[in-house]
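Have a look at these structures, which come just after this line.
Next come two complexes, and both contain chain A; in the first it sits with chain B, in the second with chain C.
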Partner chain A sequence: MKFRGKIIDVACLNHFTRVITTISKLTKMCVLRLTPLNLFFVLSGKVANGGVSMWCELSQENFFDEFQMEGVSPEDNEICLEVTPENLSRALKTVQNARAVKLKLTSKHCPCLTIAAELPTLSSASRLVTHDVPVEVIPRRLWHEFKEPGMPDFDVSIYLPPLKTMKNVIDRMKNLSNFLVVEANLSGQMNLKIDTDLVSVSTHFKDLGNPPWGAEGSQQGGPSPSRDPDAMARTRVDIRKLQQFLVGQQVNPSKAMCNIVHERVVHLILLHEDVSLQYFIPAVA
Partner chain B sequence: MDCVVTGGNVKVLAKAIHSLSRIGDELYVEPQEDGLALRSVNSSRSAYACFLFAPLFFSRYTIPIGLAFRCKMAIKSVQAVFRSIATLEKTVEKCHIELDEQKNLLTFTLHCKHGLVKTHNLSFQDSESLQAVFDKDSYSNVFRSHPRLLVDTVVHFPPSLEEVTVSVSDDRMWVKNHVEDETDRSKAMLTELCLASDEFDHFSVQVQNSVTFCLKELRGLLVFAESTGLPISMYFDEPGSPVVLSVTDSVLEGNFVLATLSDDSNLRKNNTKRACTPPPPPDDFMNDDMDSYLIAMDTSVMPGPSASRPPSPPLTNSTSLKQTAAAKHRTRLPSEEEEEEEEEAVNSSGPPNKKFCSLFFGSVLPPSSQMTTQPLTGQEVLASDSEDDVQ
Partner chain C sequence: MPLSTQSQGDAEQYVLVASLDNARNLSNILKAITFKDHAIFSATPNGLKVTVEDSKCLQANAFIQSEIFQEYTIKEDSVGFQVNLTVLLDCLNIFGGSTAPGVSTALRMCYKGYGYPLTLFLEEGGVVTVCKINTEEPEEPVDFEFCSTNVTNKVILQSESLKEAFSELDMTSEVLQITMSPSQPYFRLSTFGNSGNAHYDYPKDSDMMELFKCTKTQTNRYKMSLLKPSTKALALSCKVSVRTDSRGFLSLQYLVRNDDGQICFVEYYCCPDEEVAED
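This part shows the complex of A and B:
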């Protein structure tokens, strides 16, 4: 089992750091899956993390100038590690001006993901910094827990309003309630509502547009064509989970979408060129 | 005492007070013939800092002749006088420090633009003199660099990190975070930074060793050094004897004396390891071999952390080494500490917060002439001190 990657380009390094910082805001621990083509950051929806799950997919060649890996075996050419994204984020943040940054799997006092960087100096010699982030190697028998979650059989899919606007709305609502109802329909309308004994607040968004899931969508489920375009699908969620998602995100997605399975789950998707981040927030009764 | 600070020196004074506030809760003020001394010490007496501003630093500096005066006060209240350095720089033209002996007040008067005058009257307590005993010139390892180098070094360590370990060889310095015990080591992120000797203005190593000390106080000094742009000198010897960090200018001198960990088995193990396997040269960075990063492991079983650790024999080796080092240290003690045996006893009676040795301390009692003018006896001074320790 071997892994080594090198990032030279400053923009790539910066982008990679932002993705990992975003993930670090969503979860304390997650699983990093390395394959010859991709990196995945995975959080599976366990009760311990509030039922929230996450799937973030990066294409390695968009970030790394060199990427070498050897999985546990030729048929299972993957490496699965449990990491603390905050440590990775902190390490990467301090090496933003590096000439080159290397990520490698090392065996030190324990298995580590080592981030080694060569920092520029005024003198001829370079300044080297290494951060050893302890990781736990996940045995193959547990890998099945970290597969890509299937696209849920959603009732409504809708583009999100600007995330900043949404964040501002939800930040205020959070002071009033712990739970939020997200509802949307197929004619581009979305409402964010809170409802308590004292107050009811709702914010309405319109003309958001509904992503065309089309033919390929039909085999994965997707909204049934017979659905009334004005019928709302709604899910009540923990407002902190949604807020966490909006506060932490630093990806500046080119597309942000939300799929709602009526009274089951809110599925958020951020797409940005080479990065996709999916986040599932389960319904609360 | 009556002194006046003008122009940019007000900011220098303010920065000094801010960096002293990183050390302890009290500011010891002592106007001396060779300048105004401002000092602070932390509650466990493992860190001490002193700034001495020469008379030339002031546009006026007069002290009463023949009457030694010293006092201490809460550093927070002095910090309040110089709260915002940014506005201070823009508005304050002159700072007047005066001692009112009738009212027992130390008065800071800030003369600002537009004729605005801010007066702070601070009450103070009499105090014993605070003086750490150290001799920079006897240290075997001496380094000097622009503060930027150290600022760029500490930035890699999280703010929550308490201690760093500095190791040196003939041409390199390693700085890494110190993790207390083995259980933490498997969870904590380890950071190591390697600096080449030519990044320093001065780099002289006589003994290749490592010392571990608190980062917080170093950060405090960096605040001062960075704003004044003064180079920082670092002096250290063997583990257990204090590290001295100092900044010097024609009109001021600052010394930070920090205790180092004396009994650190990890460190010693690392030292022995380093001695037999020298660290890889820095130029392997770009073309190292991937095979060296192999994790040998069976996929169905989680690897125990012990798998990657060196076998046990070095352990016996290291303990014997520790003993000899400790013995060596003990033999060194008397020569170093002769004149402060009683203070030693005082220090050891206080509860040490850390494993750090606070042995570099001499709290010099006021001279007998001073005793008659003060209601305090030596005993009481010591008692109040150990109360500080308890807090």
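This part shows the complex of A and C:
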């Protein structure tokens, strides 16, 4: 197993760091899958993390100037590592003004992702900084747990309102209730609702627009063409999970969507130019 | 305006409807009296009075006159209810309560009467939030029987001067002692804490002293824990009047200007600490 990559462009380094920082806000630990073309940060939905799952996909050539990897075997040309994204984020933040940053899979006292960079100093000499971030290699027999999630058979797909507005409202709602209902219809309307003994609050967003999935029909997992456009699909979720997702977002995505499987799952999709992030929040009873 | 069309149909059923273009003109002043969960709302044709009490020894009232509201309709002489104030504030600030220029939350507050929730319609940037907060039967607020004829000492100060003193008050002192007198030291705040005693003196001819009317020397002590919440009202205010009556009861009245420069009042009444005899 071998991996080495080099980032030269400062904007790419910045962006890469921001992506990893976003991931670190979503989960303490996750799996990093390295393939010749991509990097995937994966969190598989287990009871321990409240059933939340995440899939973040980066196209390697949008970030790395050099990228070489040799997987576990020629048939399974992939490397699967368990990482703590916060450690990666912290290390990357210290090398933001380096001319080049190298990432390498190494074996020190344990397997590590080593981040190495030359940093400029006031004198002509440069300073060498190395971070060894411990990782755990995931054996092949467990790889099936970290496969790309299929598009759920959603009832409604809708573009999200501005994330900042959602976050403001959800932050306040969290003071009032542990659970939140997310509902939306094919007429571009979305409501966020809480209902407790003390108070009920519902926030109404309209004219959001619905992504045009319909064309491929329901085989692709889209809303059935005969669905009443005003009918709401709704799912009740743990408000902290939704809040956690919003806290992490540092950059405005070019597209933000939400798919709702009625009373099953809220599937959030954020697309940036070179990164896609999917987040699945399961329903609570 | 989206909010009015929302509740047009119910307009006849509401006994109280109050609207503001800027919800902060209500939420800011309520923050000045939020030290307990529950607040008693009392609405009359003159406006809204919100009361919060602590152990029958402290009472805070916020007054928002009907003229402050863009719309104020009341169908009875007096409408009263009790709500959870922290819940109400979370609702009023549902869009984040930011102070971004040019961005404000519009509010329409409606109440149908006994047994009904307090309904708030809030709108910002085309997004509408509807809140229904459960109400309870209002408790009778304590009557502190503080009347102006019984006032022995009164000063009106610019809040600026008191803000500094209050922010530095020794919190290890269990009491705040207020001395008011026609002679030296005129107006003195004292604390007795772990590090020692501290005195803040305000001479009667100070620039900050707008009115000085003290008829007799009085020293009274008030529990620090009771008066601490009044710091929030002080922070919002530009002027404060401090009055004591013959029983040593304290009345603090704060003049608060809202975002639009309109005037509202907040007052705090406090019983003297009984453990200490008056001088």
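Things worth noting here:
By our rule, the second predicted complex is superposed on the first by the 280 of 285 C-alpha atoms of A that agree within 3 Å, B and C clash if a C-alpha of one lies under 4 Å from a C-alpha of the other, contacts with A are read in each partner's own complex, and residues count from 1 in each chain.
In this section, contacts are C-beta pairs under 8 Å (C-beta built on N, C-alpha and C of every residue); 3 or more make two chains touch, one makes a residue touch a chain.
For clarity, every value in this text was computed on a predicted model and none was experimentally measured.
On the superposed chain A, the two partners chain B and chain C both fit, without a clash. With both complexes placed on chain A, chain A has more residues touched by B than by the other of chain B and chain C.
Contacts of A:Val137 after superposition on the shared chain: chain B is touched, whereas chain C is not.
In the overlay built on the shared chain, the residue A:Ser124 is in contact with chain B alone; chain C does not reach it.
Annotation: apex chain A, arms to chain B and chain C, angle 70° (C-alpha centres, rounded to a multiple of 10). With both structures placed on the common chain, the touch criterion links A:Asn38 to neither chain B nor chain C.
When the two structures are aligned on the shared chain, A:Thr165 is found in touch with chain C, with no touch to chain B.
Legend: residue contacts after superposition of the two complexes on their common chain; A:Pro111 is shown touching chain B, with no touch to chain C.
Taking all C-alpha atoms of chain B against all those of chain C in the superposed arrangement, the shortest distance found is 8 Å.
Chain contact summary for the complex, chain A toward chain B: residues 1-4, 68, 72-73, 76, 84, 87, 90-91, 94, 100, 102, 104-112, 114, 116, 118-119, 121-134, 136-137, 139-141. Across the interface of their complex, chain A is touched by residues 152, 155-156, 158, 185-196, 198-199, 282, 285-286, 290-291, 293-297, 299-303, 305, 307-309 of chain B.
Across the complex, chain C is touched by residues 161, 165, 168-169, 171-173, 175-176, 197-207 of chain A.
By the touch rule above, chain C contacts chain A in their complex via residues 84, 86-87, 90-91, 93-96, 98, 117, 125-134.
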